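These notes open a run of structures that come right after.
Both of the next two complexes hold chain A, though its partner changes from chain B to chain C.
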Partner chain A sequence: MQSTARRLVPPYGATYDGSVDLGALRAAHRPRYLERTRKAVDGNTAAAIPFLQWWRAAILAGFPITPATKWLEHLAAEVAAGPSPGKRVKLLESEHAVADYLAGVASACRGLVVGTATSSVGLDHMTESIRSLGASGLGNVMVVDVCRATANYPLCIEGDPSDLLAHRDDGFIQVACRGVQQIYDTVLQLPAIGMDPRVLTPTMPSYYGIKDSHRSGVLVVEPDREVNDFLDDALRAAEGASPVVEDFLATEGAAHPTPPGLLDGDTALGSCATSDWFQGFKLAQKQRLAAVHQVMGEVADSFEARFGRPGLRPLELIGFADAPEIALVCMGPDAGTAIHLLGRIREELGVRAGVIAIRLVTPFPSAALAAALERVTAVGVINNAHHYGRGHLTLDVEDAMAGRPTPVEAFFCGLGGADVSTSTWLAIARTTAEAAARGRAGRRWRMVHEGLEIGGEDLR
Partner chain B sequence: MAAVSTLAERLARGEAIDVRGDGKAGGGLVLVMQSFAAALARESSLAVHEWPLFSSARRGANVRAFLRVARGQVEAACQVIEPDVALLMNEAAGDEIDFAEGTGERPAIYVLNTRATPEQAAARYRLGGRVATIAGDDLGLEHLGRPLGNIALLAALVRATELVDPARAREALAGNLAKRRIPGPLAAANLALFDAALARAALRDLPLSPATSHPRARFVSYGPLPVGAQVALRTSHARRTSGYGRPGIKIEFADPGSRCNGCSLCVAQCPDGIIQFTADPKRGAIVHGARFDTHCKGCRECVTACPLDLFREVAAVTRPEGATGET
Partner chain C sequence: MKKALPLFKELALRDDAFGEGHSLCPGCEEAVTFHALGRATDNGKKTVLVMGTSCGEVSTLAYPNGVAWGRGREEPNEVSKSVGVIHHVFESAPTVAEAIRDTADLLAGVGAWSGAPPNVLSWSGDGGALAIGLRSFLHTIYRRARVALFVNINELFANTGFQYSPTAIPFGDASTLPGGGAAEPIDHIGLALIAGAGFVAQVSPGFAPLFADIVDQALHCETTAVVFVPSPCIAGWKFEEGMTAELGRLASKTGLFPCFRKRAGEPGELLHVQADKRPPVTEYLARQRRFDHLIRLEDGRPVVRPGREPEVAAIQAYADRNVARLLRLAAL
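Let's look at the complex of A and B:
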């Protein structure tokens, strides 16, 4: 280093300002939706539409895999059908290539939003690249996970969140959605969270394959102008939040050694660090992820103010107006069936039941969940993915409730997209109510199908 | 029979109406459901969800699709197991499963793509309630040059349920054809088919009886599933897999001159393990046939593999002409 003067730089390294003329890109955007529009679409289309609407989404990439393929097909067909200056859809040779491509585009210009959609082993195939991406600070990357049973034997192409949950430590903000409106609204909000300088973490919205990717319903699409203003305004407002730090490349003779492998302060890609530094980077990554809880609330508030629909909150609470005695904690489309059945559960079992649908999967909203569960007398946790023990969600719920005597019953159902029937929900609610009466869980875990307990493990 | 007004009344009361359809992959069942959903969704007070159930199966496999409509909001995401309306898109699918399963407790509406009359279909499938039939494949041949019965089935569905105005359903169909970028002349032929089918669908309201009840088989257990059981599931000769075959063709084996050279390429390639052979220590696997009728899906692997062209694909009628219930 020639200069001994200290520089102040944003913590996310080189930004290659000027690599893309954002003003020109914005001016070139041809709006797809001029006014608020109601249309029947499936989940994949709902997740794709924002990428047509954002002027920042210039380059889209993907590799087809069931059940995510239609996301790419919809974008390719729409871009091919009409004048789309500045938009390119790239079909690459594999998911691994897609992830690398996203990293390249996203780091070349951090004002762009770049995305793809994938599933199951497609996400697994990206692993090498997305685990770097997760830590890279590239909050402008979005990987839409169309949940499908993964690492599976036998092969099953239907939806369960085992892929999402296998990738919890990749460093992404993971959000579960159900229904086309939630999918669309979530995709609209996530870049405002991921690209916030306090967060700088890529995002992974998710919805269950087949059950939601192929389920169509009526979607309200917001006009392009509002969609773009929402993100632009959020990013402008967040600019001041950027914590500026000393450029340690320029601090010759400083107490810390210059970290090897850092090029021009770029912490994003291809650099290595020794054990002198590595866990410091991980601590910083965890702190950025923890900032999601604060930033998500701000983004949801401004979304609600602008669009008048519920913003992205960490939990959906249903039936909590009258302090429920038991809570059923779940995620994904089947939460809808539980919500639909709440009245019947309360009537048939004579117990005040509430449903909590987890939206923010990573970082897990432990504090919010602990607060919601403060007065319940038993919790049933519904896991839809294979797990070695009591279930991914169960572990998180128990962690959130650490130190409390409230019994937690762990259930498995809906694996590989299996139907979660009315009878299954009634059986789960009944077992949870029994745990509440007993004051402790009956078994370590149970698997339920069509209302029958088909397996489980006793408490030791 | 008050089945139809009951459907509309139940919708008005805030109940959900559940529709289920069975067919074969590639038969157009999804377009039926999407168009019906789009027609219902034109009524802005209605929420409609429509979704298919399919797995890693190819053209010819059984597929299922669901639709749930209610005033306000549809929250329930579980499958339709007690349909108010049951569709049979392809009678070959009806050979594999009971398309009416879960019906019969209360009057249901059945809509079938068949040459049979409603009475004949009711006898064949044990149906009571409203039964609508349409010879959709014939209409497809007439208007499109292909035996595609889905647009005709949609027309019969619209007439039988009376939940949407036929003109609105036609508009919704036109919209869905445009969305799929179907060329203008072909779209027009499909719409003409729809109009013809509206006129030709036959409807009867038939009595319910204990015999027309289709109670759902209760799930008991998966049974033991040892390692590798999925291979057994896939190749088990106890499971008829010919129902997954491509309609209209079958594979034949003929070796009158005993030319089979025992190369066993067909044995190795057949995904269902149905090639029948005698092991000859000197010559190899001498093939003398295969379980075509019950297990062949018509994938043509054997046709491609055999160096002596002993397998061939021939035209076949998957359903007897008329399909009037005696089969």
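Let's look at the complex of A and C:
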């Protein structure tokens, strides 16, 4: 047994090394993919495959909801199809129960990765538990959000990120993906970030329902051996990293920077704190989240070196080689349309335009975005989710550009998964170029559909 | 040959997992229960305790004044003596406990956990299990999870200031229902049995030998064990110091919260209550000022306030029906 020095809270901290032998779990794992494999899958399947491949993903939990259901169905079918020692799919009675269950598995053994997939009101139903998980230090929890409009009146089962963005403050690391390869690669990398002792924060990869959950593409699946070595190596490398803060998770650096689990530790989790101490817990939570910016870079470098594909970076910059005059900032699958149209936009409008696809939604990469936008003369921000004002993304972009006179035009389009058409992108780019020429935004916000401005609000 | 001690005396010699540092009210029965659980779980197995939000949680997991859980003054040398305790969200305790059991079982199945199967207990208040937490509670039972669910029943939401709870007997004063209401308590024992619990019991730690036996049976149950712990609340019920255990016993003897024990598929039993020879409920009610609008003690004897006879009679009728109902459940 190794014990940390006397802690703030007895009996926080003692870890009984060897009481849980994760090597036995790893040895029991039956690889699903022995070699690099190309296959056509949809987004939900791409997000599910890593959970079959990780030996650490011993227990998977779920409750069905459109359009996330196939994630659970794929795992259930695969686990049921053959001998799956050390692998179990658990069906609960509600999303709330799923989130509670994740807390139990993740806290019982912090070396496991435990996850689920949900959507829209399913994520909302988890809220009570999700917000606790976000502050728990359980970085081994992953909730895949298959973005869907929320909530009802009217019900719309197609994808927009209003669920993801309503949960910005839940404490999770939120990442937007588009396309099956990006979904798969992102899921592969996130536990290495969330479980890093400097971060210890759960993760929430996301992709738009229907547009990406149900769209098939060619996916390169890496062999299980490489997938597991990548995560194991990342966690081993992080063992020496000191936690960012001393120390409201009682990690205190040194031998066990990650607190013990309930099974292998003499420990308490989820205490009740007075308000004075609460400040410290919340400061530590913010600091752990801020550490994502550094750790994500390290993990991306490692991913690129091992697999030869782009690692997870906070932003995708397209058309930035020649210092664009205007930038269109967006997220999700419709960024692909904008990238495809970039040449046409430049040609028809006679303006150097660039596209920025946001990958890291929370914590928002303000510094990286500010640097990318340093020379542009106008920014168009594309919001796909309902917001009371100029849009979630717009507020973040404006915050990143604080103090600059660069005009920012706010657009809403693609709500409820609506098509963001060629004509819409051209209209958005034209309006942004006009703001650049004018030196100020024309309206407070605009809603655009099929190239037409169907509503908006004038500047005050 | 040395005669073996009865279990409840043998437990007194074990290492307690509940100690100093809690801030439960003086006279709170939860502290008595926690000591009993703390000793019963010193059985050579790792212990994991899951707490739903409740008096018991906020009073024993305070940061930084001290967590009242843990065996010994220093961390024990063996994992089998150690305690893992978690508080998650209000109504989640049964589900979180189930997850911990599943994890332990899965690890054991591949040889990653070589110790004895751990003790996995959950602790909920009556709100956490039978009001906001009824879904979680029933579905964990329905799935036959191998966990021991302990439910503290004090007929109030005590932690938040003594609001009405669906476990309350009629006409008890509550901060959200002054003077109480006519509704009878939710059939918590029936619900647990029908949901499929392998072992269901109701017992106050005021009956120490029986309490020890029932906790031991719950910890050895191969499916879900449910133990309801009627728990006099000195702050919410407003009774005199020193009456905690006595009121717990009277709750059983009057038939309002009788001791009950039943294994699935076997006849159950009512204990510490006589079906046809019970003290009247007035003996119980008059000692609690939450019923002061109905009845009070005068010279040590219960006196019903004029005009409130119908309410007191209704409570007595409920107690009579409750005993009959539990006898039927025991016979299932």
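Going forward, the second predicted complex is superposed on the first by the 411 of 460 C-alpha atoms of A that agree within 3 Å, B and C clash if a C-alpha of one lies under 4 Å from a C-alpha of the other, contacts with A are read in each partner's own complex, and residues count from 1 in each chain.
As a convention for this text, a residue touches a chain if its C-beta (ideal position, glycine included) is under 8 Å from a C-beta of that chain, and two chains touch if they have at least 3 such contacts.
Since the model is a prediction, treat every value here as computed from it, not as a measurement.
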* Report for A:156: first if it touches chain B alone, second if chain C alone, otherwise both or neither. => first
* Asked: Of the two partner chains, chain B (first) and chain C (second), which one does A:337 touch, if any: first, second, both, or neither?
  -> first
* Structure fact -> chain A contact check, chain B vs chain C, more residues touched by chain C
* Classify the contacts of A:28 with the two partner chains as first (chain B alone), second (chain C alone), both, or neither. => second
* Look at A:422 in the shared chain and tell me whether it touches chain B only, chain C only, both, or neither; answer first, second, both or neither. => first
* Structure fact -> chain A contacts chain C in the complex at 1, 3, 8-14, 16, 19-25, 27-28, 58-59, 61, 85-86, 88, 90, 92-94, 96-97, 100-105, 107-109, 112, 128-129, 132, 260-274, 277
* Structure fact -> In the complex, chain B touches chain A at residues 34, 37-38, 41, 44, 47-56, 74-79, 81, 181, 218-222, 230
* Asked: chain A touches which residues of chain C in the complex?
  -> 46, 48, 50-51, 57-58, 61-64, 66-67, 69-70, 75-79, 82-90, 92, 95-100, 102-104, 106-107, 109-115, 118, 135-136, 139
* Structure fact -> The residues of chain A that touch chain B in their complex are 38, 40, 42, 66, 77, 153-158, 178, 210-212, 214-218, 333-337, 339-341, 419-422, 449-450, 452, 454
